[in-house]
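So, here come the structures, one by one.
In the two complexes below, chain A is the common chain; its partner is chain B in one and chain C in the other.
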Partner chain A sequence: MNTSGPVAPIPTPEFGVEIGRGRVRFVLARLRLMWRSFRNGWGIFMESRMGRLSLFTIIAFALMAAAHPILMAFVWDPATYDPVTGYSFDQVEQPAPPSWKHPLGTDPLGRDVLSQLLFSTRSEFVLGITAALVTVGIATFVGAVAAYYGRLVDSFFMRLADLIIALPAISLLIVLSALFHLNLFYLALIIGVLGGFGGTAIILKSQALSIKVKPFIEAARVAGGGDFHIIFVHIIPHLLPLALLYMMFTVTSAIFAEAVLSFLGLLDLRMSWGIMIHTANTGGYLLGGTRYWWLIVPAGASITLLCSAFYLAGRALDEVVNPRLRQRND
Partner chain B sequence: MASASNTPETPNAQAAGSSAPDGEPLLAVHGLTKLFPVGGGPFRKPSSFIHAVDDVTFRLGHGESLGLVGESGCGKTTVGKLLVKLLEPTGGEILFRFAGDSAGAATEAPWDSAAISGRLLRSCGRRVQMIFQDPYASMNPRRTIYDIISEPLSVQGMGDVQYRVDRVLEILTLVGLTPAGGFLFRHPHELSGGQRQRVAIARALVIRPSFVVADEPTSMLDVSSRTGVMSLMQDLATELGVAYLYVTHDLAVARYMCHRIAVMYSGKVVELAETEELLRNPLHPYTKALLSAVPVPDPGHRRQLPDIRGDLGTPIDPPSRCRFHERCPAATEHCLDHPHPPMEEKTPGHLVACYEV
Partner chain C sequence: MTGYLVRRTGQMVLTLFLIITFTFFLVQAQPGDYASFYVLNPDLPPEVKDQIRTAFGLDKPVWQQYLIHLKNTFTGNLGVSFGNFPRPVLDVLAERVPRTLVLFLTATAVSFYIGFFLGKAIAWRRGGLFEYAATISGAMLFTAFTPAFALMMIWAFAFKLGWFPVGKFLDPLVWRGADVSANYVFGNMLLSAAAFITFALLVMLCLKRFGRRVPSVVAFPVVLGGALVIVAVWALSGIGGLALDIVKHMVLPVATLTLISFAGTMLLTRNSMLETIREDYVMAARAKGLPDKQVRDRHAARNAMLPIVTSLVYSLIFAIDGSVIIESVFSWPGTGLTLLQAVRSEDLPLVMGAMLFIGTLSLLAHVIVDVLYVYLDPRIRYQ
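Our next item is the complex of A and B:
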């Protein structure tokens, strides 16, 4: 029976020969496989400068978000440093420029800018990640289903996507915020749904189309697999890397949309980077040039940095997913 | 069914046509037709049809292997896909009659694969499997060898994990991938072409089907691993009692593998006979031309050019006369006026679709 001609040299079995006896070892072997592929991807991600830079920035912001409750509990007096209700009595005039007591100064209402900045970071993360998860969840499913069933299902979802792309998202959000009280969660949900049924769905569908025609899909059907099995076991796993990439881009657009809406004063939020700029604007300090820089620069720079960090993370992930983009260093 | 041919070239010819106890064939295909619409849309009727498979009739005994040969585009792969229900036939019937299985649920009446759906289709999947041409593309690159081979078991809900692992290890050993445990958690890209095709065979055979469609399983392999895979398939056929429909364009492969050969031309079976009978005594003009194109390992050999004109006719709405008429050296007025000739038994077990034979 062992008559095949050239048998490729088999690398030494990494899991030993006995694997498969006993359920625990079976699961362990599978986990090790997943760990190995994760480690490979991680290596490629960290090889790129964009990847390292973005990861460093995101971790820095995460630490900022984590630092705020600790500082409030142990270092800062809530009466002075609360991001919304605090007031700094020992300043002669508000807004006060940076000092030892207030490293980033105070805003026109006498509140500490650094405290506001740190407090807002957490909600930016929550907003971005919720919106991204909703987007990618919907887009992956819609893309896979539209590509798999084709015809009417496909036409319906693709025309819906065209419709959503045709609507200007920010204007739509402005209208919605006029009609409803938008808080952070609803905003994340709306941005997620708009992204999920919109452009991201089209991109993931086109990827799913190229998977659908592969012979292994036919092989799965011959094996007896139903539509559900083929979509979830064979098509969606191939979409996940691309979905992860678009998750990063959605985080960026969600943070940006929040900043715009808050700046216009349309969101029901306690504090955010957009509201910080909004406060400076309503006080008339925004057009004062660089004189009141501490009111604008911290929030503006944070929005820019975090957005670009997620965008760069997406680009670096793109290299993990798309081997063709990798730079050859040799 | 075909009686045993006793030529040395077909090693397990003694299994030919070994029918079920009741003498019924495993598979009876009658008038199978597949038309693909050309043009047309949701609101418009298609303007014409491609006659990919047109009124194909044949039978296949238990454990028998039938070769389906013909040039590219003649519809042989479409026949294979129709049999495993990857495509819905436009017309005709596909009747399987399996010998009683261990659960005692012997199929009482032959059932029509073309009219089956849902749950019954799954039990159909247990008995009918397919080996694909391309061992590189027919496996999901993200899944392990265990996932790939156990897929028929898991989607059909057979056994628990331990059972499936045992079956996969067993079938891996059977197809010669040893030590089997070392292959379980490999990915397809870590294997050579021959090894992958063995995995493909293992996947098709792991649920012990009665019938396997093999769609040119050796055409993508290099010559040295080709013989290995072919003899493996033959060994497994006798060991597990599997019947093959072997789709190929290579007459040498068909001769090595098959008890009987059916020659297809433009969607029609034009000649069907036992392998040696067909190769030694071809009756249909197309089969003769096909055989004369087989290379002869003799530098002094002067090839007699077959008297075949022109090119393969279009399969889009062909005229109802004989498909081979335009190219046929033996065509007469009779062929022009009459529909495509029916399959007739010219000598025992040798069916030809030609008026002039």
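Our next item is the complex of A and C:
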């Protein structure tokens, strides 16, 4: 313990722990590699018609979401155009058909439909992306840990996933909405947790299993890497492309679940596409068919379009992540 | 096989136990409890509130409540529904469960058959206009917003064309003078449907016994004759009109549920067939000079079926969730609508009962699919 004199620093064999210039160079090299694989993947993604179409739709909806605060601040008068509390005094009869002042008409309570549509777009994105991030965060971690440790950890998480898959999600969410006040954030969290411990975890685990047996994992272990180092630095980065793919599918199911629950009137939200249809339905306007089309078509089409856009984006990403699919389509 | 069945059933019971535990602690975790339905009434004096709490057993410690809850659930005592006050939950559910099961089973069977048939056909003849149309319309139906789609079906077929009633289970005008209950008629309808299916299966089994060479020309009239006998019995029984009324109300929900759920099976069958077609044994079958239809149905489709059966679990869950939505849109008084109404009126015992049933149904479906898979794939042998 009382050795004197300078002790030579023991060089750490682990890659990426050097400090200073080496570390920076390592990070830069890694970034360059990531950029290159991203560019490759992007090329494949944009080659498929599905990919281009879905990306275009998602960007269009994102622009819609961004347009609402701008319009409210500069163009629209909040007393008339507020999506929840507005009332258009200029119309004699509510719901009013589309006109120049209200491009998509007004709803039975005299509120502007276009404003509601744009306002809801933002919350759909927030919901979908939160749920997807939670799902993927949990599923990647669970998948990697279950594949790496195997045995008891593995069978525990896989039985849990089996149990969650066997439960019908919409019915469970209906029950939860009876017991708790579900707002957007809790809904996203619940959908995320259900997805993360459910089917997505199984898929990511099987991917992690195939990575676990690769030689570089062995090399990392021989070089002295700990369990956590191997899981986080060597396994999880290889799961991320597949995780991104399942993010897309989670967004679809989250938006769908929100729309169904709002349609049934079970959520504590200010406005959403599902609530717009719910309002029209409880007012009895839906059996008017094409006469009151602006009450159902914009919201219904938005749900279908955004859901299928994320779904198709997922399918196009599948071709990027899964080279086998690409060859078959040639 | 028997060992596997026993083990799988054991697992199911364990999972069911977990679900009951989960729902019990969910109720514990929420703000308020069973008694809050009554206790929130501001007119009640405090001592009455205490009495109500004691009557619900809420003064006991949680673990004791849990054990009582478990005992009650497994002995079939699900409590009394607040919304339908004197009726026990089990009684309410017993009335609604067959209605859901009919909706769910019919739609699942029909959509699986249509999906498998179409998927097989479009994979076999790739690149045609038919494939394009089927894929696009299938994908659209699959991603359509279910409630909006169901409402559109109501608008088109019930409101505009007037072919079917708008919703509900029966038409009160038809039933006004009837001296039998709806449950009695419906129960008998279920019995005759079960009898017919058993008869058809028996005919098929006999055919298999006598070899494949017996043409379907013989089998078809026999099955049709059986159906005609059942229809004739109903027509003569005097309650045939009432049964017809229920059937009329059933057509539209079943058709809607079928339409939204067949596309998944169809697209999957197509993908799976496309992979199977490239296998060597399909080429061998063709080289032997077998007829095209036989290669498709007996060699390619049989093997393409395996991944579809695996994913049947997902489509069953999809159909269970779908039937909750469909029931609420069509006001079809099944378990899904019961669940929803119970949720809206904070009728907690009924919520728990309905959820328990839906959970059991999906678990059962899961087990049945697993067993089916073992039967279909001889390579898999469970000990």
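Keep this in mind: the second predicted complex is superposed on the first by the 296 of 330 C-alpha atoms of A that agree within 3 Å, B and C clash if a C-alpha of one lies under 4 Å from a C-alpha of the other, contacts with A are read in each partner's own complex, and residues count from 1 in each chain.
Here, a residue touches a chain if its C-beta (ideal position, glycine included) is under 8 Å from a C-beta of that chain, and two chains touch if they have at least 3 such contacts.
Model, not experiment: these values are computed from the prediction.
Asks: For A:Gly225 in the superposed arrangement: first (chain B), second (chain C), both or neither?
Replies: Touch status of A:Gly225: first partner only.
Asks: Just to be sure I read the superposition right, which of the two partners does A:Leu133 touch: chain B = first, chain C = second, or both, or neither?
Replies: Touch status of A:Leu133: no partner.
Asks: For A:Met158, is the partner it touches chain B (first), chain C (second), both, or none of the two (neither)?
Replies: Neither chain B nor chain C is touched by A:Met158.
Asks: Just to be sure I read the superposition right, which of the two partners does A:His234 touch: chain B = first, chain C = second, or both, or neither?
Replies: Once the two structures are laid over each other on A, A:His234 reaches chain B alone.
Asks: Jot down the residues of chain A that show up as touching in both complexes, chain B in one and chain C in the other.
Replies: none
Asks: Would you pull the chain A residues touching chain C in the complex into a rising list?
Replies: Those residues of chain A that touch chain C are 163, 165-172, 174-180, 252, 256, 259-260, 263-266, 277, 281, 286-287, 289, 296, 300, 303-304, 307-308, 311, 328.
Asks: How about chain B: which of its residues touch chain A in the complex?
Replies: 42, 81, 84, 86, 121-122, 125-126, 128-130, 132-134, 137-140, 142, 144, 146, 151-152, 155-156, 161-162, 165, 168-169, 174-176, 178-179, 181-182, 184-185, 190-192, 194-195, 198, 200, 203, 222-229, 231-232, 235
Asks: For the complex, give me every residue of chain C touching chain A.
Replies: 15, 18-19, 23, 26-27, 29-31, 139-140, 143-148, 151, 154-155, 159-160, 166, 274, 313-314, 317, 320-321, 324-325, 328, 336, 339-340, 342-344, 346, 348, 351, 355, 358-359, 362-363, 366
Asks: Can you list the residues on chain A that touch chain B in the complex?
Replies: My answer: residues 1-8, 10-11, 13-21, 23, 26, 29-30, 33, 151, 214-216, 218-226, 229, 234, 237-238.
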